[in-house]
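Look at the two complexes coming up: chain A is in both, with chain B in one and chain C in the other.
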Partner chain A sequence: MPVVNYASREITCKIVYYGPGRSGKTSNLQYIHRRVPAARRGEMMSLATHGDRTLFFDFLPIDLGAISGFTTRFQLYTVPGQVYYRSTRRLVLQGADGVVFVADSQRRQAEENVESYRDLHEALAEQGVDVRDVPLVLQYNKQDLPPDLVASPDELDALLNFRAVPTFAADALGGRGVFETLRRVSELVLRRLATPATVIR
Partner chain B sequence: MLDGRFRFDTFVAGPSNRLAVSAARAVAEAPGQAYHPLFLYAESGLGKTHLLAALGFHATQVDPGLVAGYREAGEYAEQLEAAAGRGDLNAWRREWESIRLLLLDDVQFLEGHAEAQAELLRLIDHAQARGHQVVLASDRPPADLDGLDQRLLSRMSGGLIADIAAPDLDTRLGILHLWRSIRVVDLDDAALDELSRHEVANVRELLGLFNRLVAQRALEPGTPAAGIARVLLAQALDERPPAPDEFESFLNEVTAVVASSMEQWRVRLAATVARWAGEGYRTDALEPFLDGNEPPDLDAVEARFAGAVTQLRDLEQEAARLDPRLAGVSVFRDPQRVDEARAIVMRALAAYDPPPAAADHLTIDNLSPGARNQLALRAAGEVIALPGSRYNPLFLHGPPSSGKTHLAHAIANALVARDGAWTVAVVDAAALGDELIEAMRTGELERWRMRYRAADALIVDNVQFLAGSDRLQDEFFHLFNTFVDGGRQVVLTADVPPQRLAAVASRLQSRFEAGLVVEIGRVSEAEAVARYTPVPLGDEAAAPTIDAWFDDMGEPEPARATFLQPAATGDAFFLDPEKVVSEWPSMDGRVIEDPR
Partner chain C sequence: MTRAVAPWLDAPLTDFVRQARVGMAVALEPSGRVLAQHGFTRALDVMAVCSLVAAIHASASELGRQVGGRPFGPLHHGASGQQVFLAPAAAGSGTVLVLAVFDDRTSLGVVRHFFAAFARAVATVPDEDRATGPLTGDFERDLGRNLAVLFGRA
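What follows is the complex of A and B.
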């Protein structure tokens, strides 16, 4: 649930980028990091392996400033995609207000996508969260690769999007679709603000 | 331009430019037969000029006798102007009409050149009639060329329009491989692969990266080129100018969503909280409302808070006037602690401008005890022992010169003696009225109030002088309540019991009666005679003058006389002689009534 702290007048939203390894979750955060003015963002923290793959998670805090009297902050996290970091993924996912599932559009990654998407459902269920209640969007990344290598958004829809959540074709390296994805998931998260259950002190 | 520097074999075809390249080849193979005209468009740096020049060169290779001409549209317009100026327009036209393959670049520069447009229109028509070929290039499709003649636009659109898009991955890779072979540089495929991953807006950007890679590679011959490429790309990404307003538009969107998602009353309250907090006030009193699910009465809540802030400001000002060290004390920034702030100011007032105190010489010890004041003395003793909790108020009444004032002052002195830190306000009701009028006149009413409220006990002499002034009674009513409700002792004196206080509000009378009402009897003749003269200094009240004594003697006590004679009607309770107590052996737990 997005945290609305009326005492300190803060809104804090935690958005987690989920998906298989090397699907471009960190690239999403890096692009956002480059686009957000330095004054509005904290340091992007990455705990990465030597092979440049996310070992634990990336964390990027963004300060959107005062909105309607509330200091609004976004905390963007990525999870490590590799199968064996299951427990880390659970930990990072805890308390997520919204989830972006970053799928790798390459045809040969279809199985990994499905497996990771299933893992997301499982992780949410373990935390007692009904996946239908969590703001979720799908991002089909790497759509810039040659067409014979990648599945089209329609194909990926058929493969993954049985919940009919919003989807975005993206090229996280180049930035296409990155902010569109963030904007949509933020909107879904923030629309839930007025729900009394989200109000804490 | 058509000298072979730009050729088809140095132009990498790919999905982004395939149509344009194949059309150009077709035109070059057979000018005037395929497309009338061919219109190529692309943003700057994507290869329009290269393709035009390659087309021209190739066509002259295929047919060496072909007369081909390349011009930039701006140059074309200038030459036309010059020819017109010289007056040999016809010669100029003949020269252009003889060109069988006309390549006109950047036709967007014809915007605003009406004559050049008209000439071009004529030329295109002429070329079509003669089977000549016209190839045009622009940075926009014909439909977007605003300043061109409609007829010219329709001619331009009549053949084939082909665009050249930014190079895709394959094209970028092809370009890089081509450059590597042309420049003969030592870069492995991995480095080119890495570089090709970088999306560029135009080929020149890619060339810039390629050149940097080559230069960097020369500096670090031992480092794998792919690694250098990665670093270069990371730098390039950082250097890339931010997409216009990408973050701003995101921010606007989020702002709109928050504004529409948050209930408006919360937004308003949050803004109020932010404003007061910004002015340095604690907003604990407002914040709990934000937690609620139901909107509070915002106007009332905000007005209450603003009222408290106003009080705090006044109090702080007063406090700072009395003692500059008190300015800025945190209590003056907390609207939930107005009472505390007021107490601070009152303490400051007590220290710097104390209320009037008792006359030092009027003590219990120099009162003469006797039957007439036995009860009053005993009550005074109880009040001194347990101020505020035993008899509050203690109402002493008796005829003039019976020693009421002396006893009241004596109680005050005893209270101060009991606790040196105490402030006991002792004031005559007539003086209190004068002070009130003065305070109202000078606008220091609040200060006047606080000055008395700061005291630990209040002793008001001659409350019969409250009579006649509603305002004074109002003020006194609040002052009295402040003391009694706060468990602070009040001692009052009057010449008559409460019920007989003329022109005093009943609410005051009833409150006076709620404590202990004690009469001090008149000074007996024997006592008066026994008193020596001259009267000791300051003891005039306790030792009346002979004149006063005679005055007293001349006044009977009507209330007592009336009461002792049973009334014709009325409640039998009040007629019970046993309820009328005139001598008081002990007061413990007894209802005390004054004979009326």
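What follows is the complex of A and C.
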């Protein structure tokens, strides 16, 4: 659960961007990093290989400002998408307050999307988390590619969205849908704090 | 000055910093969320440090399990000027990680000694309790406005 300090009126939340390799998780954080003023964010850290693939995680802290009188900060993480980094994904997912699943809309990536989405559910279950309790948003990225290459949001809904969670069509490189995705998962995470919550005093 | 998000860590971390003579220290959850810190000036920088500490600890623990069946314990990195000491401490039903940054004004042995005292001090802490949620029902308005400002859409 988010860390809440009533004395200093601060809230800290952890949001993890999950999804198959090269689906655009890092691009989401890079766009946010570019758009958010330096005074309201930290440096973006990327633990990457020489080939620029995420090795461990990307990390970007942002300061959302005062929400209901609480200084609210979000820690945004990505996981490495490649199949063989399974154990690393579990480490980064630990303690997540919300998850954005970034799917690659290309038709040829359908199997990778399903496999990664299944991996997410397994990882949460292994951590004793009921997936129905985790704020989750699906982002269908790369919708800017030629229509014959990509599945439509409706098709991706049929493939992935059996839980009927919020979805957003996106082009993370260009920024389309990035803001909306972050806003929605933020709402879902913070809504849990508008009801009885776990608090460290 | 020590600053604690989790007030029960305030005194133990302050004592540790003073007695071990470390320059900077941060206490965090294994998930990477900061609980208390000393010596850092910017909250966002602390969060970045915490994400790395959590990753190092998680990696070392997992590596230990893979090669020997048990997670590795404390970790020390030495360099010409500064050194870091990273160790977990049981705190109630959970775990607190501590990263201490120090120089030649103290030694690894002294840091270890006073970390042990810190670990004893935090062994019994009040468990998390349940309370009314802090946010009011109209938090969406603040959230929407602040995000719009951040993204230059206001």
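Rule of thumb we're sticking to: the second predicted complex is superposed on the first by the 199 of 201 C-alpha atoms of A that agree within 3 Å, B and C clash if a C-alpha of one lies under 4 Å from a C-alpha of the other, contacts with A are read in each partner's own complex, and residues count from 1 in each chain.
Here, contacts are C-beta pairs under 8 Å (C-beta built on N, C-alpha and C of every residue); 3 or more make two chains touch, one makes a residue touch a chain.
Note that the coordinates shown come from a computational prediction; the quantities given were computed from them, not determined experimentally.
Peer 1: Consider chain A as the common anchor and indicate whether chain B and chain C clash or fit when overlaid.
Peer 2: clash
Peer 1: Looking at A:F70 after the superposition, I want to know if it touches chain B, chain C, both of them or none. Which is it: first, second, both, neither?
Peer 2: The answer is both, since A:F70 touches chain B and chain C.
Peer 1: Could you say whether A:I11 touches chain B, chain C, both of them, or neither, answering first, second, both or neither?
Peer 2: Both partners, chain B and chain C.
Peer 1: For A:R183, is the partner it touches chain B (first), chain C (second), both, or none of the two (neither)?
Peer 2: In the superposition, A:R183 contacts both chain B and chain C.
Peer 1: Applying the document's definition of touch, where does A:P166 land relative to chain B and chain C: first, second, both, or neither?
Peer 2: neither
Peer 1: Regarding the shared-chain residue A:R35, is it in contact with chain B (first), chain C (second), both, or neither?
Peer 2: Both partners, chain B and chain C.
Peer 1: Using the superposition described at the top, determine whether chain B or chain C touches more residues of chain A.
Peer 2: After superposition, C is the partner touching more of chain A.
Peer 1: Per the contact definition in the header, classify A:P61: touching chain B only (first), chain C only (second), both, or neither.
Peer 2: In the superposition, A:P61 contacts chain C only.
Peer 1: Just chain B (first), just chain C (second), both, or neither: which does A:M45 touch?
Peer 2: second
Peer 1: Quick check for you: in the superposed arrangement, does A:R192 touch first (chain B), second (chain C), both or neither?
Peer 2: Both partners, chain B and chain C.
Peer 1: Do chain B and chain C touch any of the same residues on chain A, and if so, which?
Peer 2: 6-7, 11, 35-37, 40, 64-68, 70, 72, 179, 182-183, 186-187, 190-194, 196, 199, 201
Peer 1: Once bound in the complex, which stretches of chain B touch chain A?
Peer 2: 168-170, 197-199, 237-238, 240, 242-243, 246-247, 249-251, 253-255, 257-259, 261-263, 266-267, 270-271, 273-274, 287, 290-291, 293
Peer 1: Under the stated contact criterion, what part of chain C meets chain A in this complex?
Peer 2: Contacts found on chain C: 3, 5-8, 29-35, 42-45, 47-48, 51-52, 55, 58-59, 62, 126, 128-140, 142-144, 146-147, 149-153.
Peer 1: Any idea which chain A residues touch chain B in the complex?
Peer 2: Listed in rising order, the residues of chain A that touch chain B are 6-7, 9, 11, 34-37, 40, 64-70, 72, 144-146, 171, 173-175, 179, 182-183, 186-187, 190-194, 196, 199, 201.
Peer 1: Within the complex, which stretch of chain A touches chain C?
Peer 2: Contact set of chain A toward chain C: 3-8, 10-12, 14, 35-37, 40-43, 45, 47, 56-57, 59, 61-68, 70, 72-73, 75, 77, 87, 91-92, 94-96, 179, 182-183, 186-187, 190-201.
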